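One chain, chain A, appears in both complexes that follow, with chain B as partner in the first and chain C in the second.
Our next item is the complex of A and B:
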């Protein structure tokens, strides 16, 4: 017999996300992990620009909203000056791997002791569904109306694979939120990333595969199937780097 | 037994899809924000697995500790 209580880190109000958006599930998982670790009041959420910024509407703990793509840079300063706090950046794919690519790679390469939660929905949700660096080949967006063509726009960027090649990161993992198993694994992964940060092990990175019913032009349930058949075969879930296990 | 905070619901249908015992269905009433929300059509079939609560993006479903629910 399981029990479940809404995380105390979330305000008692609806999120700003569209119906069925897994961004709000990702936020809820982060809140659950903080509650389980008793770190809710000690945490500091560095909020980026994009749909991920809708966190502001119902995040109950401390947060800082920073310039587009610069969440890892801001988090670096916060964590270095407040080493006792649990600092995490919550970024979407447009923020993290387009405008903020330099910041995330540099922070990861320095092994900064904070966590990045990366919500990857393969589109620019807030601005109207344009192509993101992570948009799948053939996926239609408002700027790739015939589907993404790698000849002109390159290939979807695999951030976990990229970051795991660096020496410094302590934990790099990807989870898909379209099934109960994926959600359960993601909850454990986020918790582990926070625990590693609290132990001072260095940079931790958790990618969460999410959806965008509004800009994919599908019902929420259809997006879950689309993720099974298209997203997950390309962005394979798994733990890409874990220095505790690899040692 | 599940407790649904209908005010938070946005009618995505994830709880209905993933319930292993088909306890839930989308009801015919709308909440204050205009969304139809789930109701327990077969509450006795609930095994309190909490899958519906885990999959709810809005945190609108809770499973209180046994004994805390007033079924009257």
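Our next item is the complex of A and C:
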């Protein structure tokens, strides 16, 4: 019988994420992939700005903490000068598709050989729940108190769809972490992205649909249901690009 | 004897960087510095380095941030408008204590300004390269050769201090063609990678982390350490040229391209019997305070700040050392209009003859 325990790449520290927050699950999935591939020592992660920055406390690998939105740029400098390292960035939606939109699209377009894990919880969690580019239509935030209105704020931005239009990326996929199947698929997807990077296949992008019980003003259980009825129908999980399969 | 070549200032900078061990460059096109990225785009791969044309100056400086964290000697270059965009990243370099070199081939400002040469970024370079109250050493060479010499040592300072270094030149010096003597290629061995870096190449095996964010008590300590470092620079790292100042009654203060035009004026006025000299800061930060502070003000009648920008930006730094002991005048051209021998000579003549307050 297999023993279930804390991945060795995960620090023995209490989680600073809010109760019910799926960031901590995403953190664990990444740690499991590092363990399974034996890459904990060889890996280097780029810490972005937002709740994702709490990962400073959890992964036991080398990390470089960077400015808001700039993780793909910093990762470019790291990987180009140290191609033997497994390099990944973990970014939230404000970081990745608002202030860092140029950096993510350009790194993807250059086919930089690193992995970006994108945690999409549709809000700016760390700063108190403002509207993100991914906030759903009608979703209430501290800057859309009557719900997001597309007339003035546009529509939720679909990053997998955007990035998969580019030629260079090797693997682009989205998973929802609100179900056991979603978690299992995500685990495989993260591992695959890392393996493709280690094989030098180019840019890999894994989007994880997460939640924010605190700023959605819901119980953790309610957020999982909300994801089923609202988030997943708009941000459809699936593999958007896989050059190995597509070829 | 080094290798002699006839080179454009910008290309001389690029080659000197390579010979100094620079193995990573990221930048974004902007006039008048384009020859630096153009040269490095083919030159760096020749020596096993990497060149990336970034999607913006912001991305480029953050690529340099990433490369610097790995202990790689990294460079970015731009001109005023792009340096403003890099301000975020330069502040982060200082916060994360990462060495890197930034070159500003400056032009007319503010805003998009003009693409012609100007010395309009002195205040940005010396007072606030970014938010948060930090300084970088700022070198202002006045020839292609001096630029080569400065670039060759720039990373030594940056790595010693774990702090970015800025080289400030203007479009004239970036595009001037001059003979330069190039130094030999520095061999960067794997074990030379700094111990603090995230690279494994020096045998390091523990978990490393580099961050620009701290708890308040630690940050206060880091701020205080930086303050002490700036004081040490003033004691040990000031570079200045004093030309014909021993008996001078009139002192010009000028750096970069303005110092070359000013030197011509000094020679002409000396031939007319005027006791005039030139103080040329080579480091703008640390500023050569002592050279001005210790002048004999019983002899010196006035100081004249010559800059290729209006209003003069170095004047406050000069006045702080003069301490009201004699008048300080200024003359300049701006917006991309060049200083020339004749107008500088006449402006100084007017000041000396009392025709211009």
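Throughout what follows, the second predicted complex is superposed on the first by the 244 of 247 C-alpha atoms of A that agree within 3 Å, B and C clash if a C-alpha of one lies under 4 Å from a C-alpha of the other, contacts with A are read in each partner's own complex, and residues count from 1 in each chain.
Assume a contact is a pair of C-beta atoms (placed from the backbone, for glycine too) under 8 Å apart; a residue touches a chain by one contact, two chains touch by 3 or more.
Just so it is clear, the model here is predicted, and its values are computed rather than measured.
Contact with chain B, but none with chain C, is seen for A:5 once the two complexes are overlaid on the shared chain. Contacts of A:221 after superposition on the shared chain: chain B is touched, whereas chain C is not. Contacts of A:106 after superposition on the shared chain: chain C is touched, whereas chain B is not.
Of the two partner chains, chain B is the only one that A:28 touches; chain C does not reach it. Legend: residue contacts after superposition of the two complexes on their common chain; A:199 is shown touching neither chain B nor chain C.
Contacts of A:57 after superposition: neither chain B nor chain C is touched.
In the superposition on chain A, A:70 makes contact with chain C only, while chain B stays out of contact range. Comparing which residues of chain A touch chain B with which touch chain C, the overlap is empty.
Residues 5, 7-8, 10-14, 17-18, 33, 35, 48-51, 53-66 of chain B are the ones that touch chain A when the two sit in their complex. By the touch rule above, chain A contacts chain C in their complex via residues 41, 44, 46-47, 53, 56, 60-67, 70, 73-78, 80-82, 85, 102-103, 105-106, 110. Interface of chain C with chain A (complex): residues 23-24, 26, 50, 52, 54-56, 58-60, 62-70, 72, 74, 88-89, 92, 96, 198-200, 205, 207-213. Within the complex formed with chain B, the chain A residues making contact are 1-7, 10, 13-15, 17-25, 28, 179-180, 183-184, 219-221, 224.
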